[in-house]
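The next part holds the structures, each set out as structure tokens.
In the two assemblies presented below, subunit A is common to both, partnered first by subunit B and then by subunit C.
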Partner chain A sequence: MSPTEIDAVIFSSCSSDQYSASIIAEMLGIKPKIAQRIDNLCNSGTTAVISGYGLIASGLCKSALIVGAESRNSPGRTLGWDVTRGSFALPIYWATMYARNHMRTYGTTEEQMAMVAVKNRKNASKNPNALYRKRITVDEVMASKRITYPLKLLDCSSLCTGASAILLLSEVMSSRRVENPVYVTGIGAQTNSASLSKVMSDMNGTGTAKIAAKDAYDMAKKTPKDIDVAELHDAFSIMEIMAYEDLGFVDRGMGGRFVEKGMVATNTRGGILGCGHPLGATGISQVAEITAQLSGDAGRRQVKGCKTGLVHNLSAGGTSATIIILGVD
Partner chain B sequence: MKGDFRVPFCRTCRDRVWPPFERCPTCLSKTIFKRISRMGILLEFSTSFISGHAQDFGIVDLEGVHLLGSVQGNNIFLGCTVVMYDCGVDENIRPFYKFRTGT
Partner chain C sequence: MSPTEIDAVIFSSCSSDQYSASIIAEMLGIKPKIAQRIDNLCNSGTTAVISGYGLIASGLCKSALIVGAESRNSPGRTLGWDVTRGSFALPIYWATMYARNHMRTYGTTEEQMAMVAVKNRKNASKNPNALYRKRITVDEVMASKRITYPLKLLDCSSLCTGASAILLLSEVMSSRRVENPVYVTGIGAQTNSASLSKVMSDMNGTGTAKIAAKDAYDMAKKTPKDIDVAELHDAFSIMEIMAYEDLGFVDRGMGGRFVEKGMVATNTRGGILGCGHPLGATGISQVAEITAQLSGDAGRRQVKGCKTGLVHNLSAGGTSATIIILGVD
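Moving on, here comes the complex of A and B:
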């Protein structure tokens, strides 16, 4: 495919760089109909994918190049506007509140959280693009530096510099160009607030993810049982445990035990814990991983026989969420 | 800078507006800042070691206003009554809210 055939360039980033989508287009020799930048904090990437989907579904475009990039010192690392967080502005504080709530309410243990980090680092060890490819043990997670109670250093992802890109084509165009296309079959997205204050009144799961998941399952005509492989927003280990529940893989409160069983292949690229978190690029990396898995192109980390995959991407303590379901049929 | 904790209320429908804004999200009328009770309920709490020493913090409900603040006291438990004894804006222009247990 030549650059001249690309109708839209969508740039996902929390950076404030001016006119960045148009600059990317020029640097790549593309003269798109539409060039735009999307910023939605940590779920910018999947928000950009939805924008591309909308442009193609409306008939305005036949193809969209969706690029995410972030530098480690991105302004997206905190949300200065949110005065409801007081001096506890860093994401670790809301993650700690979620973790304490889960431990108190459901008996989830620090070891179960550690197992999420161990699994995702193991997966990352098979991903040449992951930042943290060294395997770790539960003991190492438990012995890593205490940041809060109960979160240790290895329960937390790291901001990093990174980039990712996908090419989204119309169904007609993909049937001519791609041998085994992967389809976007379901989309759900929900924003309940920007401030953490609305989340604080109910820490029992992520309300936005539950709504977005239902919409995505309905659109794709799938249920949680149909999901073979999933990329989950594991910015902190507790978030993956909560995602199991919000997505309906298990009943509320059973997420901790689910990680011990590992019934669905999750975060096969290493997740955010294994790959690092280049904010605006993360959601696009997640979509790229599920696409690779469903195409059979995931190399050493290929999940055999997977047909349906899911992407779960959150922002700012779960104030907004995107769920995308992909499939090969 | 030492603060005075006030919350905006809608001049028309009297709704409390939190996070603060000069207009009411329901009817778009102007808001006016008023003092509310500094006594609240601790909804969740834990301990941070980021500053190099143990610091308790948590989610406080002040008459429906939810915020994150530091918590001091010997007997901190879920649902305990806490009082905002200090608030203000720090050198990074971040607001801070400090609570202690008791009434």
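Moving on, here comes the complex of A and C:
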């Protein structure tokens, strides 16, 4: 496909650079109809995919290049704009509250959280694009530096510099050019607030993710049982455990036990724990991984026979969530 | 309409604030499916309208609140990222080149440019939301401080703090709730580059606006003759003269004479020269004005019997352009 055939360039980033979608288009030799930068904090990448879907499904465009990029010192790295957090502007504080609550309410253990990190780092070891390719053990997670109680260094993802891109095509265009196209079949999104205090009335789950998942399942005409492979927002290990529950893979409170069984292949690229978290790029990397899996192009980390995949992305303690379901015929 | 019925909140701004669409949603008591901030420099507002159109026309949303806001000291105010401009990072330098070329090539006069400013300030005098409500004369423009040759202070718009918002509804939703809905009937957009040097090979027009206008006219099944009222990107008076030509209101080179005749009602709200230029808000203000005109809600500045309106917006010397056509039944 020639750059001249690309109708839209959407750039996802929390950076403060001006006119950056047009700069990227120029550097790539693309003269798109539409260039736009989108930001929505950690959820930027999936929000950009939704915007691209809208431009194409509405008939305005036939193709969209969706690019995410972030530098390690992104202005999105602290949540200082949220006055309801007081001095607790770093994301680890909300993750700590969620982890403490899950342990207290459901008996989830530190070892179960550690197992999430171990699994994702194992997956990352098979991903040449991952930031952390060295495998780790539960003992190593447990012995890593304690940041808060109960979160340790290896329960936490790391901000990093990174980029990712996908090409989204109309159904007609993809059927002509791609042998086995992967389709966006379901989209759900929900924003409950920007302030964390407004979404903490029920700490036993992420309300936004539950609403978004329902909408995405409905649109895709799928249920949690249909999901073969999923990318989950594991900025902290507890978040993956909560995602299992929010997405309906297991009943509420059973997430800690689910990681021990692992009936769904999750975070096969290594997730955020394994790949690092370049904010605006993360959501697009998630979509790229599920696309690779469903295309059979995931190399050493290929999940055999997968037909339906899901992307789960959050911003700022789950104040907003996006769920995208992908599928092959 | 209740805030709870709004499916998307799109925020248009060049500001560096994080998660700002979600902050606006929370402050307004809206829990939208989708919240996103869009930036595309001066063209941000119209780009946000296009994104909202995509979300609705694709079926993902039924309604979108599109909000633009900018502070006077916005980081979008200089074009320092464009290395091809050298030290000439302020917008007035490209406007000066366009003005000099138009005078040399087509015999456009300083007085004709001044007449654009006089007309738009006259219109602004009838707009309670305009920044500059005092009428001016051609003599006053000619005698105002010379910034470059041939541009004088009153040929130039002013950055300012400002905001605007529109509510975009699906056809079904608007038919139930709005007595005389105004429809988006045509959309055209084109980005040729971010760097000015890449679009200056033909200074006799704005290539992006010409392409975008053709696409918008085609989609709306309209011609330039059908346009009753238009908001044009008059960041500098010369830009409105060029817009007449780029949009096909007159032949190339005849824009200077068109302002003397004024067959189309242009910049009835006062344009950017009269209202000021809060970057991310401008495109939305333009759409709001055309909507008010077509609804018959424009008060003292109402254009009688108008049925079809056009919005023309540019970024960074015309490196990108958006044209939106609106209409009533």
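Quick note on the criterion: the second predicted complex is superposed on the first by the 329 of 329 C-alpha atoms of A that agree within 3 Å, B and C clash if a C-alpha of one lies under 4 Å from a C-alpha of the other, contacts with A are read in each partner's own complex, and residues count from 1 in each chain.
The rule is simple: contacts are C-beta pairs under 8 Å (C-beta built on N, C-alpha and C of every residue); 3 or more make two chains touch, one makes a residue touch a chain.
Since this is a predicted model, take the numbers as computed values, not measurements.
**Student:** What's your read, subunit B or subunit C touching more residues of subunit A?
**Tutor:** Greater contact footprint in residues on subunit A: C.
**Student:** Considering only the touch criterion stated at the top, classify A:Ser16 as touching first (subunit B), second (subunit C), both, or neither.
**Tutor:** second
**Student:** Thinking of the overlay built on chain A, is A:Met97 touched by subunit B (first), by subunit C (second), by both, or by neither?
**Tutor:** First partner only, subunit B.
**Student:** Check whether A:Gly45 is in contact with subunit B, with subunit C, with both or with neither, and answer first, second, both or neither.
**Tutor:** Touch status of A:Gly45: no partner.
**Student:** A:Gly255 in the overlay: touching subunit B, subunit C, both, or neither? Say first, second, both or neither.
**Tutor:** neither
**Student:** Identify the partner contact of A:Met200: answer first if only subunit B is touched, second if only subunit C is, both if each is, neither if none is.
**Tutor:** Touch status of A:Met200: first partner only.
**Student:** In the overlaid three-chain picture, which partner chain does A:Ile187 touch, first (subunit B) or second (subunit C), both, or neither?
**Tutor:** second
**Student:** Look at A:Gly162 in the shared chain and tell me whether it touches subunit B only, subunit C only, both, or neither; answer first, second, both or neither.
**Tutor:** The answer is neither, since A:Gly162 touches no partner chain.
**Student:** Once the two structures are fitted together, what part of subunit A is touched by subunit B and by subunit C alike?
**Tutor:** 195, 198
**Student:** Which stretch or stretches of subunit C touch subunit A in the complex?
**Tutor:** So the residues of subunit C touching subunit A come out as 9, 14, 16-19, 21-23, 25-26, 31-41, 47, 50-51, 53-60, 75-76, 79, 81, 187-195, 198, 212, 215, 315-316, 319-320.
**Student:** If you look only at subunit B, which of its residues touch subunit A in the complex?
**Tutor:** Touching subunit A from subunit B are residues 18-20, 43-50, 57-59, 61, 65-70, 78, 90, 94-97.
**Student:** Could you please specify the touching residues of subunit A with respect to subunit B in the complex?
**Tutor:** By the definition above, subunit A touches subunit B via 80, 82-90, 92-94, 96-97, 99-101, 104, 146-150, 195-198, 200-201, 203.
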